[in-house]
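Please go over the structures that come below.
In what follows, chain A forms one complex with chain B and a second complex with chain C.
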Partner chain A sequence: MSDLIAPIVSMGAIGAVLALILVIADRKLRVKEDQRVEKILEILPGSNCGACGAPGCRQFAEQLVSGEQGPAGCMAGGPEVAKKIGSILGVEVKVGLPQKARVLCLGGNLESQPRAQYEGIRDCQAVTLQSGGDKSCVYGCLGYGNCARACPFDAIEMTDNGLPLVDDFLCTGCEICVAACPRQLMAMKTEETKILVGCSSLEKGKAVKQVCARGCIACKLCVKVCPQDAIVMDGNLPVIDDKKCDDCGICVEKCPTDSLVENLINQLRRTSEKKKAV
Partner chain B sequence: MKLILIFLSASLVNNFVFTYFLGICPFVGMSKRVETAISMGMATTFVMTLTGGITWLIETYILNYFGVPYLRYVAFIIVIASLVQFVEMYIRKTSPNLYKTLGIFLPLITTNCAVLGLALFAILRDYNFIESLAYGFGAGVGFTIAITIMAGIREELRFSDVPKAMQGPAITLMVAGLLALAFMGFSGFLTI
Partner chain C sequence: MRPLTFPRGIHPRDHKEATNAKLIEDGPLPDVIILPLQQSAGACCLPAVDSGDKVLVGQKIGDSEALIAAPIHSPVSGTVKAIEPRPHHTGLKLSSVVIESDGQQKHVECKGLSANPSPDEIRRKVRDAGIVGLGGAAFPTQVKLDPPKGQEIVSLIINGCECEPYLTGDHRIMVEEPEQILDGMLLLMKAVEAENGYIGIETNKPDAIEAMIAVTEKYPDIEVIALEEKYPQGSEKQLIEAILDVQVAPNMLPCSVGALVQNVATSIAVSKACRDGLPLVERVITVSGNGIATPKNLRVAVGTRVSDVIDFCGGTRDQVVKLILGGPMMGTTLVGREAPVVKGTSAILALTNDEIAKVDVHPCIKCGKCVEVCPMLLLPYRFGAMVEFGVFDELEDNHIFNCIECGSCAFICPSQLPLVQYIKLGKYSLAQSREKSRSA
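After this line comes the complex of A and B, so read on.
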């Protein structure tokens, strides 16, 4: 029986003293924090993507409370989060349509043959620095997946054809991939954009045709067939006026190289087996 | 002189990560970027030094006094956990900037087995109070060296063409293994 007393007393004493110290410390050292920071933190996506400019979600919440940033600052959260933050802070929030990442190139490995064999660092930025990269089109997607690696939400996957595929259900429109692409081929589009121009080459038709099967050859057929006169040529690429476009799809049908595509928001879901399992 | 030997022994020759394989969890988990790795190393060094001292006090003045040395594990865990809690609160109150760099890592260190290992080793080797502190500091510096080297390699690894089957955790563990091999080169330099 006496063997029991020593351990119980000693451990009890240690525990009690430590508990007392912690209780006192909690009372004395508590930092007064704005309640709203915690509330906002619960709403924020919590991926610490940094698109807002703050290092993480907590710092963003602190900046919101102190008024350094507006509720729309969270790119990843989009309009819904902005509205909720607005209601906590008591601010009216005007919201736009949710934006999704789109790839402005359709020339994968099948459509645009490589002009050299690249053996270096598997990184788009590094590839472009090697005399313009291994892709025969110097405007096209290099396919080394900087956007996919940069995406904090794992929404971008590289297809076997060497092009990024965006899953709209995961994409939050945070614009991280836009900054990650050394060729500026990622862009944010909303539902208002009905037709996408899937080529970014500024070259003339002949030069494009030599390097890519799906590049825009500047034939101006889309400009001619558009019943709404919504398409004009800017240099060697068509520009579609979203306000005039009524999504009739005639230009997509008529385009000889299939470089115009319908912008299907929220209809693209990736099919990779690996991602399905997760 | 003995203090310097203890320090060198704990940080290089008997590096906690590479020779004892303690603290592997934060070593792998926090070594993605050099910046965070250094912060984590600093926080760990801080906690380890304090632990080295305070566990010696507990061992000498409480456990030995009551004659219950078999309660070491339980007592040390309680003490380390509450110590970390206390330090976290204190830093948060007194220095918000230090809290920003160290604070988020402190709760992670509570369950770092290298910290408990350090306390137990110090007792095992019959160190006195100052020696325990030096041992704790050395172990912390050793951990910082290990995690920073690892983070530096992993930052470069991002740009290398790793075979698909070895990407991710596999190559990380292989790199850790090779690093451990390199540190084996120190073995036998110092004997304490």
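After this line comes the complex of A and C, so read on.
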């Protein structure tokens, strides 16, 4: 029996000392975590896309609580998430309309022929660095899909014609594709924009016509036919004033090269079902 | 003595037989000259003329106040037709001065320097004449002649390696104008107060070695060095290592080891500028490849369109599949014939199907051949993998910016990976993200 006393006492003493250290450490070194961080984290999309500027959703939530970011900072979450964050933080959130990615080029492989045979890395930036790209239009979409690969929500698909197609039900408006395109052909649009100019070429009409069947040839017909006088030319491309435009569609109908299209917000869906995201 | 060289490198077939015995001819005098305002490494020039102005041969048409820049001069007399974006060999349209020639070739008054010019006078003349490195990089020469304080240049190396396949322009000027190369060399040595002069020539040009030895015999401080025929022997750091047996440290300039390298053609341009006051408005290029009807060495005006040069050489044969401006290892593939010859253009090559590699890319098998040949002692296969999988932050730790893009790794790769393209993409992406973080 006496053999057991020594170990029990010594083990008990060690246990007590360690427990005391833990208690002191808990008191002295405790990191107080704001309960709101966890709550916000539950609301956030959780894709860690980085569009807000923070490395991931947790860091974004922490920045929200510390006031470094505003509730509307989550591009992917959009207005609904922003409103919920606002209610947790106790601030009023003014939300804009949901924005969706749009492609400012309509010249796919059928409309704009390649000017060279390209063999190399299948990457838009790599092609651009190589003799300015294989597309005959140096402003047009190269079709190697940097935007589609960059999209964290799998919302962009490259069509057989070599153009990106955005699925509005998956697109969160995070703007990552905008940064991914070396030719700046991705832009965010809301439903306020009724008509899209589907060409980004700065060339004159003749030069555009030589390289693309759907490029804007700067004929100014849209400017002339617009009953609202909502269209003006900026260089060789039309600019549509969203406030004046009443979506009558006359310009779309009259455009000889079909380079103006209706901006169908929330109506675009991908064609293939193969990669449908959850 | 065994020819000197640097460690590693590759041995591509040199294909120089089509033009290496042909005399340099005067090229076409085109009706229209297109001078991109970005001709050299460094800053872009601003136009010094307006649309509609009359210009003479040698008149300055563009200049920049930046430190690293060289003015541009007109190679013809005529009228400035426009200053507008024109096709460039990079495949994009760049702002260019378009001059319509009147065919008279009236010169502006040119005055050379005195018989015994001071180093400062030479440097100023080199800048005024718009001289850039004619080996291909087009780096403004006067910047190299003005090393940072505390660094003295002891050895001037004149680069007559011409290690790129097909190219024979430098070879021919060494055979045909050795005296002028020597004169330019003496002027350059004077400008930087160098003690020794070397002329490095690959052994595949025995007649050039002979010609240069013949003219330099009387100069004890100038030595003609025979170098092994190997690519990239003509690269600055490799040439210094071969001749002086010292390595230039990464991120350092040749002047850190007391060396200055200039191309043979640059040397001639310096001589012409200092003796006759002529600015750099023409250069010797090689027009070759199986696709060219009659391959030639031509002295062409800077700004001559590729199409004019090719027509002058009898046009191309039908089977041409690739047009290259510059050498096959480091040149740029052209997507049209409208681009002009610029100061840095060393050749126009029209290659047929049997001259170019069939591209059939396979995954990297980690054979290490690219590491064996890389003259900069880098690990090219790692760059390839890092860029492919977007691990850009590790590129710099692996010294991607030391890469000279010579193409040896891609040449030797049994999987035919486009390694240089990966490296270029990696460098570009790194530079972009740096710029972004700087502006943020």
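The rule is short, and it goes like this: the second predicted complex is superposed on the first by the 242 of 278 C-alpha atoms of A that agree within 3 Å, B and C clash if a C-alpha of one lies under 4 Å from a C-alpha of the other, contacts with A are read in each partner's own complex, and residues count from 1 in each chain.
Criterion: contacts are C-beta pairs under 8 Å (C-beta built on N, C-alpha and C of every residue); 3 or more make two chains touch, one makes a residue touch a chain.
Just so it is clear, the structure is predicted and the values come from calculations on it, not from any experiment.
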item	value
Touched partner set for A:Ser10, first chain B, second chain C, both or neither	first
Which superposed partner A:Val138 touches (first chain B, second chain C, both, neither)	second
Chain B versus chain C as contact partner of A:Val23, first or second or both or neither	neither
Which superposed partner A:Val239 touches (first chain B, second chain C, both, neither)	neither
Touched partner set for A:Val31, first chain B, second chain C, both or neither	first
Contacts of A:Arg115 with chain B and chain C, given as first, second, both or neither	second
Per-residue touch tally on chain A - higher for chain B or for chain C	B
Chain B versus chain C as contact partner of A:Leu264, first or second or both or neither	neither
Partner chain(s) touched by A:Ala126 [first = chain B, second = chain C, both, neither]	both
Chain C-contacting residues of chain A that also contact chain B	121, 123, 126
Contact footprint of chain A on chain C as seen in their complex	89-93, 332-336, 359, 388, 418, 421-422, 424-425, 428-429
Complex contacts: residues of chain B adjacent to chain A	58, 62-63, 65-68, 71, 74-75, 78-79, 82, 85-86, 89-90, 92-93, 159-161
Complex contact set, residues of chain A against chain C	115-116, 119-121, 123, 125-126, 129-134, 138
Contacting residues of chain A [partner chain B, same complex]	6-7, 9-11, 13-15, 18-19, 21-22, 25-26, 29-31, 121-123, 126
